[in-house]
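Note that the chains are named A, B, C, D and E in the order they appear, and that numbering of residues resets to 1 at the start of each chain.
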Amino acid sequence: MPAAVPAVLAAAGVVFVGLPLVGLLERVSWSSLGSELSAHDAYVALRLSLETSLGALAVAVAFGLPLAWVLARRTFPGRALVRALVVLPMVLPPVVGGIALLYAFGRRGLAGQLLYDLTGWRLVFNTSGAVLAEAFVSMPFLVVTAEAAFRSMDRRAEEAAATLGAGPAYRFWRVTLPAVAPALGAGAALTWARALGEFGATITFAGNLPGVTQTSPLLIYLDIESGHETTALALSLVLLLVSLGVLVGLRQRWLGNP
Amino acid sequence: MSLSADVDLRIGGLRLRAELDVGDDAAVAVVGPNGAGKTTLLRALAGLTPLDAGRVVIGGAVVDDPRAGVRVPTEERRVGVVFQEPRLFDHLTSLQNVAFGLRARGASRTEARAGAAGWLERVGLAHVAGLRPRQLSGGQAQRVALARTLATEPAVLLLDEPLASVDATARADLRHLLRQELRRYPGSRLIVTHDPVEAAALADRLVVLEDGRVTQQGPLSEVTARPRSAWVAEMVGLNLLEGTASGRSVVAGAGAVVSTATSLTGPVFVAFRPNAVTLHRRAPEGSARNVWEGRVSELHPAGDRARVRFEGPVALVAEVTAGAVADLALADGGRVWASVKATDVEVYPA
Amino acid sequence: GSARPSATPTTAASATAIDVFAAASLTGASTAATTALAASAGVRATYNFGGSNTLVTQILQGAPADVFASADRANMGRLVAAGLVETPVTFARNRLEIAVAPGNPKHIAGPADLARRGVNVVMEAPGVPAGDYARALFGSEHLGVRPVSLETDVKSALAKVTSGEADATVVYATDVAAAGAATSGVPIAPALQPDITYPIAVVKATRHRAAAEAFVRSAVSGAVQRDLEAAGFLPPR
Amino acid sequence: MPAAVPAVLAAAGVVFVGLPLVGLLERVSWSSLGSELSAHDAYVALRLSLETSLGALAVAVAFGLPLAWVLARRTFPGRALVRALVVLPMVLPPVVGGIALLYAFGRRGLAGQLLYDLTGWRLVFNTSGAVLAEAFVSMPFLVVTAEAAFRSMDRRAEEAAATLGAGPAYRFWRVTLPAVAPALGAGAALTWARALGEFGATITFAGNLPGVTQTSPLLIYLDIESGHETTALALSLVLLLVSLGVLVGLRQRWLGNP
Amino acid sequence: MSLSADVDLRIGGLRLRAELDVGDDAAVAVVGPNGAGKTTLLRALAGLTPLDAGRVVIGGAVVDDPRAGVRVPTEERRVGVVFQEPRLFDHLTSLQNVAFGLRARGASRTEARAGAAGWLERVGLAHVAGLRPRQLSGGQAQRVALARTLATEPAVLLLDEPLASVDATARADLRHLLRQELRRYPGSRLIVTHDPVEAAALADRLVVLEDGRVTQQGPLSEVTARPRSAWVAEMVGLNLLEGTASGRSVVAGAGAVVSTATSLTGPVFVAFRPNAVTLHRRAPEGSARNVWEGRVSELHPAGDRARVRFEGPVALVAEVTAGAVADLALADGGRVWASVKATDVEVYPA
């Protein structure tokens, strides 16, 4: 491309994404920002958001990482189907995702009933339910990025490790994982960001109780619905700043060295 | 320990079908052109590429036999591999790289560090213990790779063109180190190369692999003196003709007749050195029985000699002194006569 | 799907098309209105359903609405205050009901039972009208109801009951009616009912004023009112 | 890892994602499925969904691809910030994203006012508004995957092209793009999937007008709101099948060769 | 067209500072050890690596001069580059690869195809026109790369170890092709290599680059006969000592005295061939003036000769016949005497 064309289009892209954020900034009433954010609910919701999104990230890593590894390294019938299946939560409108989660993990759900009968443990209306909903929606990000990383990594180092007597587990932890760490960092950031912003599936599946399942996006939505738009914007701003901080902080690891 | 293998596999466009025996404490060099399957053979022995059929036996134990369902994973074979590229772990220092195998085989952190430090010292790299692979030169990296492999005390040592990525000067030093270490090393060694100097320096037996098949094997001196394929002849720097002998004369390729000192019958190879070929501006008279007329197709100096590519009833390479080039006013495309004495010609059954 | 509100034009091409911004909780009522209007006023209505507050924001941002139908007076009030709508008229009222699982397994007879131990109650969050009404009701009766979740709207509260996660919630009678067999309604005494009204108004910036006014008029007309009643609404007082 | 561990965890991951989808399948009333889907609105919404999501993909590619290229290949002050900024729409609760879009591109918005005054063109309550909202939410996916692809591709072929006399534009179209095509295909699939499932930003920014801005997720929401859950599920199912079809169809290009 | 450059740049740990002139229709070989900066120099000329200072002039036009703000992009320099690896475009066939440059420079599809087909024919690869790079052998791929570059008719041709990735046999053929094509090619040529045979075959002048600096340059024969660095000596196969001359005797490195036939004063280089060195089991008597006692540190056969590494007051390499090895019972570590005749020693100012 002529040197200027991509730069101009890229700048347009930045404006496209940046302008709405500037719009938000403009509407925030800065004078009352402090008092609105010091409200107990806002603090509790933000804290809960961080906890549940990190929990969701943990769940996504615990299951998504092995899944990505299997998809990248093993051949088995139906692999293409599994690969597509795992991405579907991205397509599903989140509210429908929440309903689907109720069917599966609700007290009367396919697995939820069993869980409840056996252990008396209920996910719905529980913080663990919020974690589950966020993990459901965000796991595809981890799987997709991790699979790409596993697939594109240079496997010659793994072979060398095997000839040095390293078994599969040792190889994975000491060779494979360090090699894909930058890409995984990027994928984890995306996953975490998506979990942090999750709304529809959480409210539908886990409900909304301050301190238990009311994450920031839920509180923001309620503030909007009840006409407290400025409070909602202030909270959104904080959410953005927190994630911006994390994302910029990750910049060195982001997609490998810049 | 000894290594014995009968490898049969297909990968990509290659069909590899090779039998191989490396005695206890023996060193074998596998030579052959690009794409012959040398690396693939070595990978099959290490368990990195699966066999379709055949078996691999290391120190008496079957480690691979697809028919019998045996396939011992690489990490349990105790084969040490030095790859063509160093393949060091980028996120570890030189010392940690060498310690890796020791740790993987269960040594404590302190033991592994001590062992690794000893090995780095031994390959002359104690001073780069704390550096990462990116900070090492090609030669240093390959030394670390060697130390890393030797440190695990493998039963069998497989080296895949260990000098290929190293420049000429560093290569001499590294070859020297390799010779030393291979001499001290107590098991079977297999060195892949396509450099005859390397083969000569590091092994006492040669296996020639061409297009997935073993085309010749034997002691170094025998393969060097009596090549059985154009590739081997080229490698050892001999002219090779294929023909049919009846008594002391051989009818070669395009109908040219070669006189020999030995009497044989049937299909034979005829070999002679480039410096046994004399070039003449005019048809020579004298005792040389083998005289052909042809053209110089290429000429290039090499030190105080020049190598001349000759094309006539037979194609051959002659090595003449720089003086002769001037005297004969040799030039590309020029017309010349080439002669070889019957006594300079080695003839042996094909 | 047949009961779904539809944009299908049912009159001649000459009919004037207007955009009606309507609270999502009015989806049930809109079907009736669409049919009736096509017949009476010769107006073709396209509905833009959303949360009342979202709709207000959209209109404040210059959205091309002709008519706004709100689920509460507060949101309509914001547009009145901004001078963007004509004087609103009330076209329907609603009442609260307790929604319980089909067959009422927890034997809930009235609001007092919602404070019982072992009864999982969900409510709507503060700021969501249905929740605020219910909270006022519980307050006036001094009932210590401890909800397990404060849902963002009536439908998601109801969904918690129909899916069996919760035992009861307080919603509008029209919602119970729409949910059919998935839930049973337990009535609340008329004395305890709050005043729940639905205002409708012509947006001042409309380009189809006559049609918009006709739409608002017909909303309080007999034909539409009969259909609203069938959907569970009460007539305006 | 011992061979079984990743397989077991991966299987658990598949169950976690798959069970809710099975739950959905179970609840769909198969007998009435046909009649529900043949309803005119469902058809219109699905068609609109396909149109707008492809439009959003086009917008995301038009601006996101150059942006990714610039982020991957140029160094400039604030690059880390831009990189993080571009991902923020993923964190923002979609409803807030919609409000932010109104502030920026609404008729009274920062850019929208200008646009309206100059051209009389309005994005809100237009199909183009739905496209814009979907593009806003889904563009980060394209930028992130494309940047990773540009960054990790072997640039030696580009250099060779330059020595053969190929200028920047020719190089980009004939060398760079073919080299990153598989990764771009995967990124485009994710972007499209996200756009297809978009709900909150669309309804807030573009409204919910049948045939104009009412995409499938909006219709599904409306069906849930009006108590027609089974219809909503049937529609969700169709949405899933369509995207599953596209994703499985893309499997060969997906993340390079499998 | 001619090429003239004064390159000054830093990249990674390398500081490259080299001046270079390649006349119209001249062929220059750049040789040097790994990491010397050969590739970097070539990249700088092609505009792929920016200069910090200096200038590059191609055919009289300044294409790079950072001080003056001039930097013509690679695609406008008309430099043809053949890289160390073929760097073919994986998604295009051989024919399309060769046609690429023609298309990029504006040829129509038909013209480009015709031109490309002609070039493939010329490098003997018409039969692989429809194949993708993955389906080609290393030698074939490098031929396609050569054709692709020549097809664009560059003003200056830069080749970076064009034979490095090709095996010995294919290398001879490819070298032959390269010689032919380079002879027909009308502009300046620069060939990077660390193989002296390649340098000799393809160029008439040598530039030696070591550690980012030009350490020696001149006609091939001169550099070959009078190396000025250990690396060059090693490359051309000479023994090189550095010392101080006073008359016919030179005091070299560790204090050893070398007698020479030529009289000089001051710092000098002393060079002699490995085959000018004679080895003895006992201290020799006779005319040789230079006799040193030492040990054999390495010994390896090369054809009918053996190369022996000798360490004594001076370190040197001797080339002896295989017969001599047996006669002298030479072995690693054994004690020997080495002698060189004064007349076999070349001495020249350092």
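We adopt the following convention: a residue touches a chain if its C-beta (ideal position, glycine included) is under 8 Å from a C-beta of that chain, and two chains touch if they have at least 3 such contacts.
Source: prediction; values computed, not measured.
Under the contact definition stated at the top, no chain borders both chain D and chain E.
When C-beta pairs in contact are tallied for every pair of chains, the largest tally goes to A-D. Centre-to-centre separation of chain A and chain D, using mean CA positions: 16 Å. Per-chain Cα centroids separate chain C from chain E by 86 Å. Centroid to centroid, with C-alpha atoms defining each point, chain C and chain D lie 33 Å apart. Annotation for chain E: no residues touch two or more other chains. In chain A, the residues touching two or more other chains are 99, 102-103, 221, 224, 229.
Within chain C, residues 54, 57, 153, 159 each touch two or more of the remaining chains.
Chains touching one another form the pairs A-B, A-C, A-D, B-E, C-D, D-E. Within the complex formed with chain A, the chain B residues making contact are 46-48, 73-76, 78-81, 83, 85, 87, 89-91, 100-101, 104-105, 148-149, 152. If you check the complex, the residues on chain C that touch chain D are 1-8, 19, 24-25, 27-28, 46-50, 54, 57-58, 60-64, 153, 155, 159, 162, 175, 178-180, 182. Chain contact summary for the complex, chain A toward chain B: residues 156-157, 159-167, 170-171, 174-175, 178-179.
Within the complex formed with chain C, the residues of chain A that make contact are 99, 102-103, 106-108, 124-125, 203-204, 206-210, 213-214, 218, 221-229. Interface of chain D with chain A (complex): residues 1-3, 5-10, 12-14, 16-24, 26-27, 62-67, 69-71, 74-75, 79-97, 99-105, 109-111, 135-136, 139-140, 143-145, 147-148, 151-152, 168-169, 172, 183, 186, 189-190, 193-194, 196-197, 199-200, 216-217, 220-221, 224, 229, 232-233, 236, 239-240, 243-244, 247-248, 251, 254-256, 258.
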